[in-house]
Amino acid sequence: MNAFWIILTGSLVATCCSLLGCYLILRRMAMVGDAISHAVLPGIVIAFLLTGSRDSVPMLIGAGLLGVLTTFLIEFFHRYARVQADASIGVTFTWLFAIGIILISVYAGQVDLDQDCVLYGEIAYVPLDLWITEGGLNLGPRTVWTLAVVTMLIILYIVLGYKELFLTTFDPAYAAAIGISTSVWYYSLMTAVSITTVASFESVGAILVVAFLVAPAATAYLLTDNFKTMLLLSVVAGILASIAGYYLAVWIDGSIAGAIATVTGIEFMLAFLFSPTRGILVRKKQLQPVQH
Amino acid sequence: MIIQVENPVVEVHDLTVSYDRKPVLWGIDLTLPAGSLVGVIGPNGAGKSTLIKAMMDLLPAGSGYVRIFDKPIAEVRNRISYVPQRESVDWDFPASVFDVVLMGSYGKLGLFKRPRQADKDAAMDALQKVGMQSFANRQISQLSGGQQQRVFLARALAQNADIYFMDEPFAGVDIATETAIIELLRTMREQGKTVIVVHHDLQSATEYFDWVVLLNMRLVASGPADQVLTQQLLEQTYGGKLTVLTKVGELLRKQEFPARES
Amino acid sequence: MREFIEFFSFADANIRFVTVGSVLLATSSAVVGCFTLLRKRALVGDAVAHAVLPGVCLAFMLSGTKNPFILLLGAFVTGWLSLITIDFITSRSRIKEDTAIALVLSVFFGIGILLLTAIQHSGNAAQSGLDKFLFGKAASLVGEDLIAFSLVAVLLLVTTILFYKELAMLCFDKAYAKTIGYPVRALELLLTTLTVFAVVVGIQAVGVVLMAAMLITPAAAARFWTDKLSLMLVLAALIGAFSGVSGAYVSYTAPAMPTGPWIVLIVSMIAILSFAFAPGKGWVSRLLRQRRNKTLILEENLLKLLYHLGEEKQDFHLPHSLQQILEKRAIPKKQVSAGLSKLRKQGYIEKTPAGWQLTLQGQRRGERVVRLHRLWELYLTQYLQLASDHVHEDAETIEHIITPELEQRLMEELDYPVLDPHSARIP
């Protein structure tokens, strides 16, 4: 049963991250996703200190706000202080992440988070924190419920905003010309990434969030030319990685989050080499007759 | 030679546009006649793209205003269409030709609504007009430059707007595409649409456009093509950089001066 | 306070070593970071930093020791591999660079975490301390490790100084460097190697996750203080060194604290303060400059106004009341009063019982503003064919900014004109 809950948790995180990741990589914002996933840490710690719990709505909102603030800060440093774009990302997220780690050390007694957990999460403990109603009914792990709600929200967001997100990602200038606000969709997307990151953080840690944001989407991007298929394939790749990663971790007795990230990398490598349309090994074969 | 018209479709009044405080367009006063094919012509860095972007309010104006159909732009967005430069988007994007053309309907649909059959028909119809109907399901990454341009054009057509802004639609396309596009633009003009085209080829300008705007950081001329495309005006546009103007622009940027006082 | 004195007296040999070590580590990564920043590849360092972890773990698993040179070698191999992978992915597929960086970063790190946890769970007693790679620990850097990493850091600094000219050219203009016969590929390889080494040693101080800050942040901060590369390197090195000392201090006074994050926090604060307050480029100094411009505009407008009044009366030294001034132009009364008293202090105007009047000096300056205004109007009508009723607004700004050289040039191009487009005389 534990395996089921862990894999389910991983799959839920994979689903929201992969979906949003498709937009991030097409907007060339993969590193912004990386930055947000690190920078929400102080928000999580502060929200935790204030509310004393992990799976609370204030926590999601508070830390989510910090994620959006991160994008504002990156923008601000870049536009008003004219810091080079990549440096602006690098300075912002390392700074906020460092604050988060320091807060954790200072309030070590009050915050139920430790440094290692921040990096690679505690997905193995997910099944331990059960939601049991007053009547004694066992509803399963709390984290799964939180993540399920967040996943539903993300799917709803993408379904409702599908055409606007599609257009502002592909051709922002045209979108603006016909009256679709690019900044509304940009910041709502960043909000979605932040909320997802916060919800996923404690179970899978910062690094797996990045891996899930980027690797399944990149894998899907090499396999298809249809955007809807890309969304779908990225989710499939993410879920498969959760399953395979779990068993890999059990097999070599290591971190589950680390193992899942490893599998997403293997998936990408396979697509990179063998994608029917874009794999570098496959492409070579197709090109050979042309050379003669 | 700056000819102003009665009841213009586009009215540009004292427009100054700056990048990073450095003005790239100075005090443009311009009116364009309805139902015409307008060419915006000038050397590289003259601010041609900047002008049409500022006309659509995609760039903030340092001073002045633009009115289209005698209204502020926000009120007439659904009557405007735009064909950006081909290089401005990533053609590796996972989308089909039909997906892109269907975007033409997005502006009118509004939030949360999906394209209906009528929108899909309009998109197919637009594809047919540019001779790309057989490519509807083709991935955009597989298109040639000319085909990409036709797809962008089809997207604008599917929008069925009244005024079209096109940024270098003839850049890097094959002869067949160029002929097809100009034919299409002429048909649009006959239907009473106004098409404003950024163009860099002087040879074809007389032949293509009814109205020409000569631009080089400032408006050199605006009027009927045959009157504007004269040796003297072209020399003014292409020859002799206005060093003083450039230097003052640099100073404004360096000193971080406001474009207008207040 | 006692601890502070104890630490900075450097009486304890241990403190001396730790401090020297941290400073060397932080300095070398800051210096190399300048070059990666200027080559717009700042975030690549982040990927290398994360990719070092699996190398360290593999080296430990294969050798079974924590010998610093072996771990360094492992780190170096996977750090290098990560860079090659990023380049390979971007050049051989349609994956863009940012995606490739994020992908390599997270996957390599994931593998590293997997190996690290597997080692930890294996019950091998020798492994304890490997996890210091995650967040770094300057204070635990002693003996063999300290010597090893300090050596590499010194080597890095020396190499950078030796190849300063070549690396500078590579960052400044790669194409040009190629045409004048620089071995560009070899230089790129050198810079890459330096980056990997800088990451490998820097990690000892701040750990894998925050390593990016040691490369990017001092360089980004230094960039705000100077446009000269040599000075930028020195400043970045100083900022790095300062953060290194403070890191050592923190780990001395609060051993329970993770030192890496403190170093990064300090270096980030320096950077953010630089972004805000560095003279010239800083955000605040730019705001101040904009405010100074506003003051300048106000003052010159007042002088111009008094000059105009003088023109009307054909006597420039008549006094004018505040009321007259306010009627002439709609400027808030408060601003006018403030501006007038400032101008008086500068000796441009005098206050008499009957009102304000221009001094000779003030008349000259007012005259210049009016002249520039009318010259610019003329320029706009003649060279830009603007209608004469549109040029006033533009000239209102430009009159304040034209330099004497530009003024001379305008006079020449306009052929020493007498009248402006509104037929007013150009003084």
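Lettered A, B and C in written order, each chain numbered from 1.
Basically, a contact is a pair of C-beta atoms (placed from the backbone, for glycine too) under 8 Å apart; a residue touches a chain by one contact, two chains touch by 3 or more.
All figures in this text were calculated on a predicted structure; none of them were measured in a lab.
Using the mean of the Cα atoms as each chain's centre, the chain most removed from chain C is B. A count of C-beta contacts for the chain pairs B-C and A-C puts A-C on top. Relative to the whole-protein C-alpha centroid, the nearest chain centroid is that of C. Chain centres here are Cα averages; for chain A and chain B they lie 39 Å apart.
Per-chain CA centroids place chain B at a distance of 37 Å from chain C.
One inter-chain figure worth recording: chain A and chain C are separated by 30 Å, centre to centre, where each centre is the mean of the chain's CA atoms. For chain B, the set of residues touching two or more other chains reads 141. Residues of chain A in contact with two or more other chains: 221.
Multi-chain contact residues, meaning those touching two or more other chains, occur in chain C at positions 94.
Within the complex, the chain A residues that touch chain C are 25, 28-31, 33-34, 38, 77, 80-84, 86-91, 94-95, 97-99, 101-102, 105, 108, 115-116, 119-120, 206-208, 210-211, 213-215, 217-218, 221-222, 248-249, 252-255, 257-262, 264-265, 268, 272, 278, 280.
Remark: chain B residues 53, 56, 58, 74, 77-78, 80-82, 84, 88-90, 93-96, 99-100, 103, 106-107, 109, 111-112, 114-115, 139, 141, 155, 159, 165 touch chain A in the complex. Contacts from chain A toward chain B in the complex involve residues 26, 160-164, 166-167, 169-171, 173-180, 221, 224-227, 229-230.
Within the complex formed with chain C, the residues of chain B that make contact are 2, 14, 16, 26-27, 29, 63, 92, 141, 218-220, 242-245, 247-248, 251-252, 255-261. Residues 94, 286, 289-290, 293-294, 297, 379-380, 383-387, 390-391, 393-394, 396-398, 400-403, 406, 409-410, 413 of chain C are the ones that touch chain B when the two sit in their complex.
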